[in-house]
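The next block holds one structure in the form of structure tokens; read it before the comments.
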């Protein structure tokens, strides 16, 4: 189909007019700023409005908070990434009995059915958050596969207050995502939802039915 | 005060000329009441908008040229219509783009005002209400607001009248369905929009619906009459003049 | 695929108007969307600044479109995304088919994609023995009934709960009748998760394509987009060639204004950035990602300095939500993939302005669409321009079907109109007759007949304004 390529690009070029590019005035984005101490609260408000649940924790207590949640909900298992830092820390303090930790350490093809039908929850870290609208930034990869935050009915995400940015725009810049991106990166603002039937909101349509944010208050 | 114009041109527009001459007369009287001399050049026909909107630009230009020629002096040109003012002010420069007389037309366009816009923004008139208490509703013409950029001038004038209560429409910014040739090319949709507008106006409990534009008034009036509604329509100029001049 | 005969918008619109349920469904839905959007923009200055910025970003992207597309393609290729180009929908369909065939794929789950609707991809694949299943809930609902989307963001908005309840109970195996939205949603979830699990391939559209990083950005709420693009071993994305922007940070404001304009959400549930297939050591994600870049008339729009603005569109649907015509007839009456004001602009350019001449006149030019457009496309101006193209062959453009909407009747009408109005003396005579005898015109006269369907006959005043001013004297110079 290189013919199509040549023809299309040829037509676009022939149209000409690649004049000087008009300047971008980003003041409207720069105005959206909050003191670090207020960002977590703003994020929380935004995400709670779309049914995200929050659990408060500290750098020391968060594994116990996750565990307590799993026990309380009677989860039979929790999918996690054993080689990522947060996953490893969770595993270190995970007492035997109750909810079983289930490592996502092999290609999805080897347990796709089980992933879809036999996993109660997935645990992931985050690389940041967005205060303006509420939202978590995730960078799935080898240590934390993509489907952990998508397929299980409950997604538990660890968010450190210190990593929350003002806006998605400022986060993209702070994380250097403009220069290079991993095969997948994403913003998540709540559990999966739809309004396709008479504009009535319903949660848990294809992805997680619940999103639990374990918010680590790590600002001095 | 000295920088306010003392002499203006008045452009009647075809709809006012044929269907709402009282509104045209009232507009002229309002300007005179504000101390402005009004020139009404002979030879006025139509701004050319119907042909322009249908893509017949040569025909629209032919007509527009004859109209521009009627207003040679550097005086404001006042129209009792937001739509026609929008055509002359905003769309003439597009219509005459790259034409030999473009500069002349642009200079003309820069002098065009809708009546209430001129009364408020330029003359800053103060009205004294001499009428009986009345409840009115307001239909804002789409072209007056979105093309010409009226920013509430008519409502401000109504607001100056102490005995007038303004009951807003539920859908104040929705088109009444006129749309010029739209009303006859797509009569079913246009009719549905007009009926909704008429019902909206009736629900306000007002006794009269006001607007800056003859097209909207003709449309809503025809619809109200067809359903034998007691609600009347009136051009804003006529309404303002009726209430503010000593008889 | 292009129609030969003019498609009369008036006919289908009139039919739609007769359905009170449809009108009520749309009115309620559009009112809700208008309110939700308004609530997202409490500060008019912020809104205008964000619109200006978004417009500039889209304009900049279009200014350097060929260069950005090449850069985007190079970066995609570097990332392992295979890029294909299609001039026509037919080519695009065949590309999707051959990509699937090369992998032996027999089933496809689809995330929402208007470009795939443009391609009529589902019908094409089904004719080749491939199951193409829509997974966006709204798209799934209409696919069950063999319908097309009636709105570009909310495809099933024309249906109410009872209709969907009936449909599910008849068409989904073992489904019981319920009007509970959560239960209906759960039924679809059950069916579709099974499909995601088993599908050989997933298809998605692209909301924004980032040149600098070679990234495909997808905006969604349901998670079906992520399911379609991450679960099956093969992901095929289709996009219009106008979707590319230079940098990811340019996408941020576009994304901000897209969700707010579309559904009145500050942010969608997911913003999914795909920059490649499953990476080394990754345990999931598709093994292959393919991208089909479609022209289908876009380069033609691009060639015209005014019509190029059409390509700024980010497909938010705000224009239709605010359109007084769309609100009353819904999307199907447009008999086109893209309904509403955006459809009135795009469809005639893709199919020909002659065959879609009547659609171009299906607008009162009220400007509500342009007022809310997040990228400030002057839709009424473009409609007027296309009306000109439809009736004039020789204005020096490359618009498809130019001049083919011209009729002798309309030509003569405007010639007479101008002939009278450019001659004040003639107008004076005509006005005299109109004011004296206008009343006598029968309501069945041409044009008046259309007017009087819902209105009384307009009656000219007894004396025109000009006549009265002449009588007054004095004011003339």
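So that you can tell them apart, the chains are marked A, B and C in the order they are listed, and the count of residues begins at 1 in each.
To be clear about the criterion, contacts are C-beta pairs under 8 Å (C-beta built on N, C-alpha and C of every residue); 3 or more make two chains touch, one makes a residue touch a chain.
In this text, all values refer to a predicted model and were calculated from it rather than measured experimentally.
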| item | value |
| --- | --- |
| Touch-based graph of the chains, sorted into line, ring, star, complete or other | line |
| Chain pair with the most C-beta contacts | A-C |
| Distance-maximising chain from chain A - centres being C-alpha averages | B |
| Geometric centre distance via CA averages, chain C-chain A, whole Å | 31 |
| CA centroid of chain A to CA centroid of chain B, Å | 54 |
| Shared interface positions of chain C, touching two or more other chains | none |
| Chain C residues within the chain B interface of the complex | 9-10, 13-14, 17, 324-325, 328-329, 358, 361-368, 370-371, 381, 384-392, 410, 414-415, 417-418, 420-424, 427, 431, 434-435, 438, 447, 450-461, 463-470, 475-477 |
| Contact footprint of chain C on chain A as seen in their complex | 1-2, 4-5, 7-9, 11-15, 17-19, 21-29, 31, 46, 50, 104-108, 112-113, 116, 130, 132-135, 141-142, 145-147, 150-151, 167-169, 172-173, 177-200, 202, 204-208 |
| Chain A-touching residues of chain C, taken from the complex the two chains share | 29, 32-33, 46, 49-50, 52-53, 56-57, 59-60, 63-67, 69-70, 79-80, 84-87, 91, 95, 135-138, 141, 154-157, 160-161, 164, 181-182, 184-186, 188-189, 192-193, 196-197, 212-213, 215, 221-224, 226-227, 230-231, 241, 247-253, 255-256, 263, 266-285, 293, 295, 299-300, 302-303, 305, 308 |
| Contact footprint of chain C on chain B as seen in their complex | 10, 12, 14, 16-22, 24-25, 28, 38-46, 48, 50-57, 59-60, 62-63, 65-66, 94, 142-143, 146-147, 173-175, 177-195, 218-219, 221-223, 225-226 |
